[in-house]
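So that you can tell them apart, the chains are marked A, B, C and D in the order they are listed, and the count of residues begins at 1 in each.
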Amino acid sequence: MVVILKPHPDQKKVDQLAESFRSLGFSIHYSEGEHTIIMGLVGDTSRVDINTIAANEIVDRVQRISQPYKAANRRFHPQDTVIDVAGRKIGGGAFSVIAGPCSVESEEQIICVAEAIKASGAQFLRGGAFKPRTSPYAFQGLEADGLKLLLEAKKATGLPIVTEIMSQTHIDLFADVDVIQVGARNMQNFQLLKELGHSKKPILLKRGLANTIEELLMSAEYIMAGGNPNVILCERGIRTFETSMRNTPDLAAIPMIKHQSHLPVVFDPSHATGIPWMVEPLTKAALALGADGVMIEVHNNPGAALCDGAQSLNFEQFAQVMDTVKQRAPQEGKAL
Amino acid sequence: MVVILKPHPDQKKVDQLAESFRSLGFSIHYSEGEHTIIMGLVGDTSRVDINTIAANEIVDRVQRISQPYKAANRRFHPQDTVIDVAGRKIGGGAFSVIAGPCSVESEEQIICVAEAIKASGAQFLRGGAFKPRTSPYAFQGLEADGLKLLLEAKKATGLPIVTEIMSQTHIDLFADVDVIQVGARNMQNFQLLKELGHSKKPILLKRGLANTIEELLMSAEYIMAGGNPNVILCERGIRTFETSMRNTPDLAAIPMIKHQSHLPVVFDPSHATGIPWMVEPLTKAALALGADGVMIEVHNNPGAALCDGAQSLNFEQFAQVMDTVKQRAPQEGKAL
Amino acid sequence: MVVILKPHPDQKKVDQLAESFRSLGFSIHYSEGEHTIIMGLVGDTSRVDINTIAANEIVDRVQRISQPYKAANRRFHPQDTVIDVAGRKIGGGAFSVIAGPCSVESEEQIICVAEAIKASGAQFLRGGAFKPRTSPYAFQGLEADGLKLLLEAKKATGLPIVTEIMSQTHIDLFADVDVIQVGARNMQNFQLLKELGHSKKPILLKRGLANTIEELLMSAEYIMAGGNPNVILCERGIRTFETSMRNTPDLAAIPMIKHQSHLPVVFDPSHATGIPWMVEPLTKAALALGADGVMIEVHNNPGAALCDGAQSLNFEQFAQVMDTVKQRAPQEGKAL
Amino acid sequence: MVVILKPHPDQKKVDQLAESFRSLGFSIHYSEGEHTIIMGLVGDTSRVDINTIAANEIVDRVQRISQPYKAANRRFHPQDTVIDVAGRKIGGGAFSVIAGPCSVESEEQIICVAEAIKASGAQFLRGGAFKPRTSPYAFQGLEADGLKLLLEAKKATGLPIVTEIMSQTHIDLFADVDVIQVGARNMQNFQLLKELGHSKKPILLKRGLANTIEELLMSAEYIMAGGNPNVILCERGIRTFETSMRNTPDLAAIPMIKHQSHLPVVFDPSHATGIPWMVEPLTKAALALGADGVMIEVHNNPGAALCDGAQSLNFEQFAQVMDTVKQRAPQEGKAL
């Protein structure tokens, strides 16, 4: 950590500041320029609050040199993390396809979708029971009943379940769910993250719409610091000025996250674009970039979906994407 | 709502779509161009899901003409909402100054700050008990003890309390708090918003870092649709490419929100910039733009604050801002 | 084009507006809602200025339904454009690799780089003679001398030359250049675009840092409207809030641009990220997304480059990227 | 400047790097941490290219401590710059109102507007002769004829002229113009900036849509480094995700630019919002924030303007804004 002082500071105050750093266990190296004194702090700065130091009256700016996350950091954990989900692996050499409707709508619907995606080769079933909707007047999901229907679909097909949690008060309801998803809007719902840290369940953590990669890793760190190492990260598009797609897919985040962290990374082309024909090319790109999986919206009848039908694939379109995945995954060294 | 069809649609499918719109109670006007058929839907479209319509195979795009929020909409409620907080008014002709430290740190600290800001003329005390921190290793607030200390400070000074909630499981703890704040990161924590809709307490709802004004109003709509009309909106800076300040203050959002909604709007220059010397000029600008108040971080000893000291004013700096407010508010037709 | 009127407009003014639309050759369809009248304009609206209509006192908003570009639009030109550059093809079934240093530094340097990239399989040599630098104190390029050295390198290797123009006053100097590049900062230098429209030379047009895909296509339209159909588009990263890379590569723009336009699209992984190890994975992704080529910075000694060395590959790294390209291009149906 | 090395660098290479810094005239201070060596460079780093250093194989990152601009920097020139334009002052204690139509359309129009704005108290006439339009099919301005009409309007009213240049080949045409405007899209047209640096004419430099404050100041530096100190900066809104206004006005940039630079700053509420009713509140805010002036679009008949009518004020609306300015400027210590 580098602390840049304001020009011509009072020497007494410099000494006091230095003393306070030493009392926190840091050693200090000085660099004095014409106009500027710089203090380099040596030690573990991951627990230091930059803003507290910046508030000192003689400090101009503080710059962090090393990353503020530890548990999620590849530097301290070079091997890829592989997560076991009901006997299937996510991460390492696996390419995981998670598919299903935006919302669970009925028993017939979710079982029908589960069977279709299984037949095409998907390994996990996703479906929303609790739905985060911008409008209070929009369909909010079947809630607890939706979870039950997902478990019926699991019983019928053997596919493990991935579904979103919207409140820590619901954690008990998710006891039989295989992977708990934290949505983009809750990426910094820290109370929820803390609670999930006390669980051992795999957590699929989606990047917030306008959150940096570092912030995503800090949110993973919340879960891991609580004792749960089973975190899967998900890139799902960021908010920019561009309007031709729903969001701007940050595909380059896939190799960058894998460079900085050992956690598995999946990509969601459906939410990232909102456009069905983009799912296949973006899935190919995600594979080429080293993603550990994709998450795709599939619906039995997209035109009649209760939510987000516009971005869902029908069964035929999904089967075609799966053909592409089956052909391409091996050449990236991934097994389905 | 305008539904633009793809070129050369099957006439039978157009008729089916039209029938489905009529069954929802809409009347339809057609506009046929060379390449395009446009259907104009007439009726209350605020409860219609654009994406569901967009998923229809003959639909190219759907564009909303009227706003999707009702309760928060000035069109249906032209008068300014004025909110009563412990006998004080927020909105209408009042200019409310909410001040205090980022975090409650101790009884001495919070009472000392409360007395100082009261002496300078602030009408509300803010202070964080539950703190949303990016890092799990940073100070997380005194939590329930912090709320007790805030109530001590209220007893000592008579200042109503504004403090942030981070989980709907804490609502009972906030029973004696005067204004419950929803932070930027929780602006779309819809479960929390729903619970707050069942309360009658004034809610101060902060705009998310990358949320549009429309999304902010939709989140207000969540609270209001639940039965709680007492929502105060807060602009606190948005995330852009610019790096000279912590965030980019969206000052023009103040008149735009007031144009679209009847709810009171306050501005937070401390979080919007992270720079103490910016608080005074931005407070002047907020006044000139019609804001109903400001929210300012003040600390007894910014250099030693446990969080966000870098952006806090000391007592002297705050007193100077208040002098400016007292001088300027009357010429904007506002009373302190 | 859809014109939404303000509530309860004066009927006389509606008639006048309608008359003015008819005089421009449009027919009009009305859609009257409870609160709103919508006028649908039928006819060629590509030459209509939305803002002029929006300025009418009874108009609330105007929304364009069809795209404002014609010459660059795939709807009116479904076949891929293939551009001939000194006997080589860009677009269609070709995958073009354009490589070379940020700046031409000396005859030895540029010939040495040209030979190395040719040996690895690149088909075009890039190199900056006129350099757009943020700082007036930074190296500005060898200018006219740099162009001469590029032509020497072409003579030595046979590789066609791609180099950036910064002013329409330099067009004569570029007479022997094979592809003239317009940089991101000049994407909306409309005087320059107009001049290049009078040329027949292939133009490589880079997307501006914060320009939409539609704006990129409108800038291509400027060149094409002047009579020059030979435009190659280049995605090179956009400016967002994310800081882990120099820019955010908008890889999904590749299939989206190709969906909307028939022009060839190349991708520049070097500028998009500023990080050498990202070039290979992003090149693979660009191939998977249907790009017609890539543009890569290569330097004989990146650590000693006069500009942008940090993002340049050395010869060995580039050779490895080319091995990947040679292996992958055929499976995307592309020939080198 | 702080150079952060990669972990465990080869000592010989560290010595070579240090030697190369010393040969450029820097002295070096080392700070060695557990994992990291940091080199602090002491000396004038404004001419150093960060990317060249970052390209060194043992370097991880480089961070600039001091600002890369000199001539525009308030640190080296603490007094406000005051610019003389035909006997009137811009900057210092003056508040300058520049008003007029987006485009010059005819002699009658421009003289009529000039007389009206003069009667209301504006001190400068703006009007576009060369117009940067996104579409090649939109009206491009009257060009040289437009400049002549502006000079007619100056003769008729005595108001100095502000008008935009789009190409350095036009500089001679602008010989009698009082202030040459560089538009947002040309803010980094460095050839144009260099040419304007050889002039002594006042230049009004508009911030690019997605350019940082530092980049704006670097572009000012280009003009100043060429020998022309007469630069006026203009904030005109930035591009963000928000859609309720044409751009997001970055009002806080006004005090931030004035903090970092001694150059005058004007604000353009018309382009920043595209909404006529926003001009008055934003003008009040700009005054409160210390702006040295505003630039406002005014048209004799906004509904019939050839360009950007939607954002223009009519004469009555402008007169009302001027009443506000006349009342408020004195209390900010500014004279009209």
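Rule of thumb we're sticking to: contacts are C-beta pairs under 8 Å (C-beta built on N, C-alpha and C of every residue); 3 or more make two chains touch, one makes a residue touch a chain.
This is a predicted model, so every value here is computed, not measured.
Peer 1: In terms of C-beta pairs in contact, which of A-C and B-C ranks higher?
Peer 2: A-C
Peer 1: Tell me, please, which chain's centre (mean of its C-alpha atoms) is farthest from the centre of chain B?
Peer 2: Looking at centroid distances, C is the chain farthest away.
Peer 1: Could you please state the distance in Å, as a whole number, between where the Cα atoms of chain B are centred and where those of chain C are centred?
Peer 2: Taking the mean C-alpha position of each chain, the two centres sit 40 Å apart.
Peer 1: Rounded to a whole Å, what is the gap between the Cα centroids of chain A and chain C?
Peer 2: Using C-alpha averages as centres, the distance is 32 Å.
Peer 1: In chain A, what residues contact two or more other chains?
Peer 2: In chain A, residues 210, 239-241 touch at least two other chains, as defined above.
Peer 1: For chain D, which residues are in contact with chain B within the complex?
Peer 2: 210, 212-214, 238, 240-245, 248-253, 255-256, 259-260, 272-273, 277-278, 281-282, 284-285, 287-290
Peer 1: Could you list, by residue number, the parts of chain D that touch chain A in their complex?
Peer 2: Per the stated touch rule, the residues are 2, 4, 29-36, 38, 40, 42-43, 61, 63, 65-66, 210, 239-241.
Peer 1: Mind listing the chain B positions that touch chain A in their complex?
Peer 2: Interface residues on chain B, with respect to chain A: 46-47, 49, 51-52, 54-57, 68-69, 130, 132-139, 166-169, 185-186, 188-192, 194, 208-210, 215, 218, 221-222, 225-226, 239, 274, 302-312.
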